[in-house]
């Protein structure tokens, strides 16, 4: 999943693995540091490692900005503005957020807890090494309309259910269902079938409404899940198809030249396909997915893609 | 999602956005007003804003009824009966419910809490600006038979499980499983996997039945979710196809005239499709997605729609 | 959903609706009678209605057995053995269970609570008037192998997880995780994401195992749900296809004769299709789903069924 | 599901059923023994049965290793190294784990609770008699990439949500949200919609974050469920297709010889298909489900498999 699986250069791989390990250990340490007993005993280790990490991340950040012009994209080509543009890409911002709080902490008095949380944002640095997050974001973008429609209905029902519940339960449990925002907390906990049990309707009418809310909520919440699941497989299919098109272009002259191979590899990495999948698609593309009538030899149709 | 996204007239858009904002702020204020501390401090703002909203909604209601005859539908064309018919459409009733409680509150002594809940029904006014609710209702209508079948099995199992649970747990926890309606509340909370924890079986037999109910309930509740999810995508597909038919009609003479374009836009709005989707379907309709007859080689029908 | 929707004879419909109402009211009364306050005040009404119901159900049962020979099935045709065979059909047993406890209660001293539960089994009499339960049972039978496989894995994991959890949590919470059966109750409550909160791991190792169990349980429980949901739509598709075949046979000579129409109606009822669906399939069957090349007139292929 | 359903030799079946029963009773006894009251009263029965089981399992293990060379696979053929290789297969390790703790317990002082848990690992011996586990493992392997991607996003969100929640809730509930690992426990319980209720946010900001986490978690957790469900049906389809290929080979000469029949049966068992399914595929394979070329009219390929 992680660690620059696509690069063929062993040194690039090594650096990638080292950085992934550093980020992971860093997050684990930040989490453990919040446990008081551990902080007292091993505090100095956590501190030393944090200083070391910030040093590495700082060097990494400077190098990334410096080499931004080498990225094969026209908008980063300009020696000054290219680097400025790079600084404002989402991944570069994540990299900056990973180190800035430390330097700010030197000059200003900062709340320790807030510092620790900011330090944990470093976990997002890991997303650079995984296509997972990018696929998720593409799925959300692709199904944004459906998801938006469902969230809208969810919100309208939330307001409706919690206001009626407030009316029904407030007289009986004035401490628990004290106001409509509290009732909304109950409604979310019920509609997502969380059911903490900190707020439970006690009147008959409240329980009937609660039962309907629970049944309705199950359907309401399961809907986006179904849409997301089908969107996810659709997204994977599209990426495979896109790769197949590149393969088709590459094999048009009957064979795959080294230059074409390198370009295919780049496409594969950009689409986040595994090597096995890519190999399967390549084989399909080279063989031609075509089917010929075994009797008259004419092309009939292309088999469905793998 | 919201706010008259389809209208090209900027003034219509502006009014729509203003109304959506007004309804939203109104709901937020009604919710906040139920919090005692906020009501004491900011009560006068909430009141003033409520009066202002009712004034705007009243004007809106009168104007909507007045202009009902302009709607491009025969049943609203009659200058008197058309308006009467309009008053009884669901959206007009929602609009009326949004203002009537206020005027009633002037003449009668009304419970404040009930008033607030009635005021929150204004949230349904938002559904006018979103196709989401109408799609949901169409999905429910389309899958009504399946959903009904599942609800029936759900209810039968509910009665059965809760009566057996009552028999098993009543002797051990007479206060908790006090009667069958209580046991039904437990059964709903368990079958929807809510699990508040306010009622938990304590006997061995009760726990075995509880475990079976939970496992069974998961399947039972997930079924309608699956059906709804597939119904939702089916509904979207149908709407796209309906739009494609309009496109087909429009491009029959080879090009899309301005009058046809406006009609297509109206269809798009009525079906709740996004502009991007509509553009994709239009492109497909114009290019045609042709298939040729294997016998005479002539064009027969199109590839599957996008 | 309920109430003999398929019969054209209005008297049959009336009797069906009356019986459905009787069963429903009977169940509601049995549920309410368990509430002590209501039992004290309205006890005599509940009793009178119960006596009346038993009388009606007894007459219904005798008549059903008596007229069993009229059912259009060879195995019920024999004047004595046919009726005996009928008595042992599931629905006839349900009918018997609905009345026998009452008569037993006259001769023997029976626990009141057990009586009430037995009386609530009458709810299963409703399944006669709905195809829902039969579709569910068919789905379960169709997917029995998959469901069985999943239940097996579920049970193995249940035993494994609960025994490890017992080992981890027993020393810390000897009262709560007192033995492995208790830990199994926790495991079921966690794997179904119920989460009552009556048993919660407190050690670090227990919480890590609990987290894994919850994540694993979600996938484990969602699997059969997905399988059941697809099995459900598959079952509906099969029934539609079966009906289409009958339609195909009926329209072979170009028109649907009255005798064929009646037979189709019987098939529709047996398959539990709605009238609208049947009409849609009939129209498709009569028109012929065929597609002809518009140029050379040859048949190309049958369109997908509705 | 269980019990060597595929073997035609009645003695093999008998032994299989006996072993399955022995393992099942053994697990049930191990579970019951953890209940103190039962251990005191029936302890000697549990002990005697455990000794008997270990004896049987030991004999079984020795026989299995001894006869390993008879397995129709080249890597087990060598009279010494074949058996050594067999000892390191997963099922042989499970068999060893089922008996070793008992012998170790004779020589060393072992914690009773740990012993019982090790004894319950015998439940995995059952997986030999069911294809369920192997199908599950194949599904997981097949969808490993998707599942991995989702787990990665799940973990990143988990770290993010719990660190922010810790910051928000720690000042208000320092005992409950005492450190980030505790907050992570809350986050898992919330994202899986378990909702034990042992940790509940109390601040407004915490509740808003909790609500978002719950809604987001529902989608996040439902995704792998959908992927697994479709992977499961895909896996079943693949196995049916593999069987169809064997059938195709067997029927090439027009009929199925006894030797081919036995080989087909072996394939069926290896793929975990039911006899009915196999029969349906066989019938399909023999009949052929042909399609003809639209150009020269000759047979090309088959209709989609059943």
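The letters A, B, C and D name the chains in turn, as written, and every chain counts its residues from 1.
Simple rule for what comes next: contacts are C-beta pairs under 8 Å (C-beta built on N, C-alpha and C of every residue); 3 or more make two chains touch, one makes a residue touch a chain.
Keep in mind that this is a model prediction, so the values were computed, not measured.
Q: Could you work out which pair in A-C, B-C or C-D copies the interface of B-D, where over half of the contact pairs coincide by residue number?
A: A-C
Q: Counting C-beta pairs in contact, which chain pair has more, A-B or A-C?
A: Between A-B and A-C, the larger count of C-beta pairs in contact belongs to A-B.
Q: Once you find the CA centre of chain A and the CA centre of chain B, what distance in Å lies between them?
A: Centres of chain A and chain B (C-alpha means) sit 29 Å apart.
Q: Taking each chain's centre as the mean of its CA atoms, how far is chain A from chain C in angstrom?
A: So the centroids are 41 Å from each other.
Q: Residues touching two or more other chains, restricted to chain A: which are they?
A: Only 181, 193-197, 222, 225-226, 230 qualify.
Q: Tell me, which parts of chain D touch chain C in their complex?
A: Residues of chain D touching chain C: 1-2, 27, 30-32, 34-36, 113-114, 116-117, 120-121, 123-124, 126-127, 130-133, 135-136, 154, 181, 185, 188-189, 192-198, 221-222, 224-226, 228-230, 232-233, 236, 274, 277.
Q: Touching chain A in the complex: which residues of chain C?
A: 193-197
Q: For the complex, give me every residue of chain D touching chain A.
A: Against chain A, the touching part of chain D is residues 145-146, 148-150, 152-153, 156, 159-160, 163-164, 166-167, 170, 178-181, 184, 190, 193-197, 200, 204, 207, 210-211, 214-215, 217-219, 222-223, 225-227, 230, 293-296, 298, 300-301.
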